[in-house]
Amino acid sequence: MQGESSHAFGLAHHFDSFDQQREASYLGMWVFLVTEIMFFGGLFTAYVVYRSGQGAAFAIGSHELDIVLGSINTAVLIGSSLTMALAVWAAQTGRRKAIVAFILATILLGGLFLGIKVVEYSAKFEHHLVPGPNFHWQGPEAPGVEMFFNLYFLMTGLHAAHMVIGIGILLVVAILAWRGSFSPENHNLVEGIGLYWHFVDIVWIFLFPLLYLLGRNIQV
Amino acid sequence: MWKNVPLFPEQASTLASEVDALYLTFLGISIFFGLLVAGLVIFFAIRYRRRAEDEIGRPEKAGIWLEITWSVIPLAILLGMFAWGAKVYIGAFRPPSDAVEYFVTAKQWMWKFQHPQGNREINELHVPVGQAIRLTMTSEDVIHSFFVPAFRVKADVLPGRYTTLWFEATKIGTYHLFCAEYCGVEHSKMGGSITVMEPADYEMWLAGRDTGPSVVASGQKLFRVKACSTCHRPDSATLAPILHGLFGEEVELEDGSTQIVDENYLRESIMNPIAKLVRGYKPLMPTYQGQITEEEVLQLIGYIKSLASDATENQGPESDSSSPASTPDEG
Amino acid sequence: MSEYITPIRTYLAVFLALMALTTITVAVAFLELGPFNDIAAMGIAITKACLVVLYFMHVRHSSRLTKMVVVAGFLWLFILIAFIMSDYLTRGMISLQGPIG
Amino acid sequence: MSDTVTTPPRRKHYLNVDYGIKSWLLTQDHKRIAILYLISITFFFIIGGVMAALIRVELATPLGDLVEADTYNRLFTAHGVLMVFLFLIPSIPAVLGNFLIPLMIGAKDLAFPKLNLGSWYVYNLGALLMVAALLRGGTDTGWTFYTPYSSTFADSEVILTALGAFVVGFSSIMTGLNFIVTIHRMRAPGLTWFRLPLFVWAHYGTSLIQVLGTPVVAIAILLVAAERLLHIGIFDPALGGDPVLFQHLFWFYSHPAVYIMILPSMGVISELIAAFSRKRIFGYKFVAFSSLAIAVLGFLVWGHHLFVSSQSIYAGLIFSVLSMLVAVPSAVKVFNWTATLYQGSISWQTPMIYALGFIGLFVIGGLTGTMLATLGIDMHVHDTYFVVAHFHYIMVGGAIMGYLGGLHFWWPKITGRMYSVFWSKIAAGLIFVGFNLTFFPQFLLGYMGMPRRYHAYPEEFQILNVLSSAGATILGLGYLLPLIYLFWSMRYGERAGDNPWGAYGLEWETSSPPPTLNFDEPPVVTTEAYDYLSLREKKLA
Amino acid sequence: MTEAQHPHTGPKDEPGLDSELNVRDLSWLTVGLLVILVVAAVVVWFIGFGIRDRLAAEDPPPPALPEARMPYQPPEPHLQVDPRQQLLDLRAAEEEILSTRGWVDETNGLTRIPIDQAMDLIVEQGLPTPVSAPEPSEESPTGN
């Protein structure tokens, strides 16, 4: 990266203006997010296909998930999106300390999300509702319930992996922000990780109803 | 040497000629467009060769109508081929309701068959000719694919599901069966054969699992044993009518009427020859009623049907079919 | 064109809207609406996603190119799912006259 | 000895501006990165080609006598995987695209130079994984990795190979992303979209496909690895899963992927035809839009690989009719190229020989593709050598001809040297003849019913196989020649001027080789694309 | 290099300006594409089911005897279709018999007990000595 500890990022040699650099960076990040849409899309497709074939089993499986923890997690993640947006605002307006503060808040909330997920996962492990050879389910529709949990772990696992990577990058960005690398002219990295983080939030916005809320109207 | 260069598989099912017609038509269209484009390219490349170092070409205005024309015409051709292909395809995958159901299980690296009567086979399937047959297939392990080039049918065989294909064989013979979906080490060896038999032969085969000599070969033997050949010679019509090429022809009877020679006529001629006396012959042929079983009649009929009108053909062993793609007949 | 800076109150408003929608979607899940359960859940999720995209991700005030990119992404996902479902929903309709044993 | 003429200092360009391995491995110059890619993909082309040679030697006899069945299966899998993922998909975009796009649009570099270098390293990481898999015995699933064989039954290095493909996919995504942003945001003043070279339009379409399609195969591969490693039976029928879902996800990418392989080649052909007819491409806008049409429509046809795999008949009908639709933009291009030749000033230089060869072979490959899209034909020839012939015609006879043509066209620009014209024409001829001899018999074999991926086959197929193998030898020799004379020319070839072909394009207005920042003065564009008239006037002025 | 000499290209002069992107045309193109897809789906529906129905009309009427109607199963034994599942079912059935109580022969008063219990009983009481009539209730299960 250019710049020593207290120098802000400047203009790359192949760009003509800060505006051009910012627009390129923003567009590039969005193109990357489109690839992420398609990446998660494969799993969403599997979910739709299999759910259309065995809706009852999926509803039964969904009942085993903790809707309270899931809802809390949704709120936490939305909150972290808010703090992330505020971090970008701070970068736009050149508030160095605020950037760091908001990014740290985002990291904390993200960590909280992951922590709750760990709690949920261990509950599943205890009940043998884990993908792989150790799966065990006493009730009806065992094959379909196993498929539901396969998808649950794959989708939330991929999502969690994205969050871990996001938190890692946020740490780096926080350090860079502390060193004063960002300015209102060039804070593309903050905007970029912001876009990424919001995308992860959007994935969860879809995962939550699909996994946790289906079949709640049925008494099981 | 060229006789051995295979270019086309045999047509052994009702589907085969449809597929071949579709293919050849499309091939013709492709050759046309290929030659058209290649011809134009070569012609222009020669005609407009660069003659001076700094020569440049003459740009013309693009014409939207030209673009539309050469978009719409290929599209129309392609849509036509699509529709025709769709018709053949649906016909191939939708079995008629009277198709007899056989069961097939594929596993690495063999095919297991079960006839509706209960007989089971491995890697070989015997079927009667002229009967719509529907195969209900599944796999025990990985995806395989049931492919008989002579029938032009193919369908993947999946684990945990039933897939269906159907065919109606039209020609006696033995045809390759291939596995057409990669399934592991012995994928190349996961083949076999489909043997198409006369219905009578098929029944015999089912009953005793003894294929025995075919109808035609048995008929040929009977023709000698029952002394038919003492009178019916292939080269002389003095004593008795020549039977070669007789099947399907019209004959003139004593009373002036004509009749087409079909199976019923042949049977009647064997069992009660005087009833249908052929014009120009004395009533010398004895009746074989009581001296010959129905099965033997069928065999004789089968043999007579197989006699080509080439009178030089006589006592050589008759092969059921000669297809370049057939494996050695398993008799 | 210089960057548009979203005011904080907009962010807060969107945040509250998202929270409200989350509460609604959880509550509605417990009602018996037949097929509309799914439609409601997805509709609310799509609304939330739109809010995040437009405001948190600044798409509302970005170039038309960006908007096209976003639309293209979701359109492609829709194509993936729709075409694959066109297979699964129509299996066995034309080829077989009926289920087999 | 005063007043002597001192030799001017050697002109600095991107090749000699800096020496040393670090200056190459840490470069951010798109031109050097293109050379790095050239080395990598050539290396893997040779390995994939050697495997093809082994396959053809084995197939010359009906019995499986050269190698064991298991080895043969690993051979064709490696051949397909290496040729598709490590050679053909990156080939033109990562070599010619990387080198030329900034030049063609008058920019100093791509939008994200570090990402560009990163993409090369990611490519090598993926390639390393695949090589590791090969050294440990390779995989035997075929390049299509169909489940449940690949996820449950195969006893080979599936995970390593699959992860290799996964990683290489990201390299492809990075390149595509870079190109999209660059083409949108970094064009020179005056360079509107409809003044762009068609090469750029073609790469734009390609990049769209790379970005939208690759992630889906990535997740499909990941799921196979998960099913294999962790036994998460996502495609397991016992759990209500469907192996055909894998096929859907795989082909959702892999059909558009084949358009990734051909579109850049078509872009090259447009440039070659324009340059060697000294004429604007006829129907420029139509050719430009057809690149986008192929990119978009190419996403709607993948089910034509599943016609007999228990996909619903109705879906089969849809995919078939849409496949007919996607053939039309290709037809439009072919006709427009042909029309460009009319009243052109046609020079039979080597790149043009490749371009004209491309047109013929692409038409054959494409028409046989539409035959495959016809349901009634595909059900007979699916998974036979007819399909193998179709795709080799269009990938080798088409895409690779375009690649070689482009390499021969821009070689003087890239290296500053010219190669032996005589040997280049011999090679082109050998390749054309060898290629047709190799793959034409395979159409006949396929219709006869010889299935794909067969190690041993019935005797009656032998003579056509022998013809095919003979052709493969000639083809191999044909490919050997450019390797030799192009390499030789880098040291001993005649030095080339800025514009040895007299072609139109921003890349020809800078020196050969170009300076690191591409242009001494940032260009401003005032003419339409392929405006040879203005080019001649400028030269005369 | 005045403004008049080169038109806007958009981004490099003024980033973010989308004079280059004809959103209106692109939107109509997308709509057009979706319309084509829908039309194709509908037309193909009619073609597909039309051809199917025409084929169905050519089918012979079903045979009078219900046994002769397709589909029917061939006589036992059937082809093995899923050996893994069959084995699982077999093991489950055996496990069921081995681990539960139940009647073996109700008319003769023969029951079975779980095998663990039987093993414990044998350890306590020793192996049963051969007698002429079988001992009820202490018999280890005979299974199938």
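The letters A, B, C, D and E name the chains in turn, as written, and every chain counts its residues from 1.
Here is the rule we go by: contacts are C-beta pairs under 8 Å (C-beta built on N, C-alpha and C of every residue); 3 or more make two chains touch, one makes a residue touch a chain.
These numbers come from a predicted model, not from an experiment.
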| item | value |
| --- | --- |
| Set of chains whose contacts include both chain E and chain A | C, D |
| Labels of chains that are neighbours to chain B and to chain C | D, E |
| Centroid comparison with chain A (C-alpha atoms), farthest chain | B |
| Chain closest to the middle, measuring from C-alpha centroids that were averaged per chain | D |
| Chain whose average C-alpha position is farthest from chain C's own | B |
| Cα-centroid distance, chain A relative to chain B, in whole angstrom | 61 |
| Whole-Å separation of chain centres (CA-atom averages), chain B against chain E | 36 |
| Computed distance of Cα centres, chain D from chain B, in Å | 42 |
| Separation of mean Cα positions, chain E and chain D [Å, integer] | 40 |
| Touching two or more other chains - residues of chain E | 11-12, 14-16, 41, 47-48, 52, 56, 59, 71-72 |
| Residues of chain A engaged with two or more neighbouring chains | 19-20, 22-24, 27, 31, 34, 37-38, 41-42, 45, 49, 53 |
| Sequence positions of chain C contacting 2 or more other chains | 1, 62-63, 65, 72-73, 76, 80, 84, 86, 88-89, 93-95, 97, 100 |
| Chain E residues within the chain D interface of the complex | 1, 5-7, 9-13, 15, 20, 33, 36-37, 40-41, 43-45, 47-48, 84-85 |
| Sites on chain B touched by chain C in the complex | 90, 93-95, 97, 101, 136, 162, 164 |
| Residues of chain D touching chain E in the complex | 184-193, 238, 296, 300, 313-314, 317-318, 321-322, 325, 524-526 |
| Residues of chain A that touch chain C when the two form their complex | 19, 22-23, 26-27, 30-31, 33-34, 37-38, 41-42, 44-45, 48-49, 52-53, 67, 71, 74-75, 78-79, 81-82, 84-86, 89, 92-93, 194-195, 198-199, 201-202, 205-206, 208-210, 213-214, 216-217 |
| Chain D contact footprint on chain C (complex, rising order) | 65, 72-73, 76, 79-80, 83-84, 86-95 |
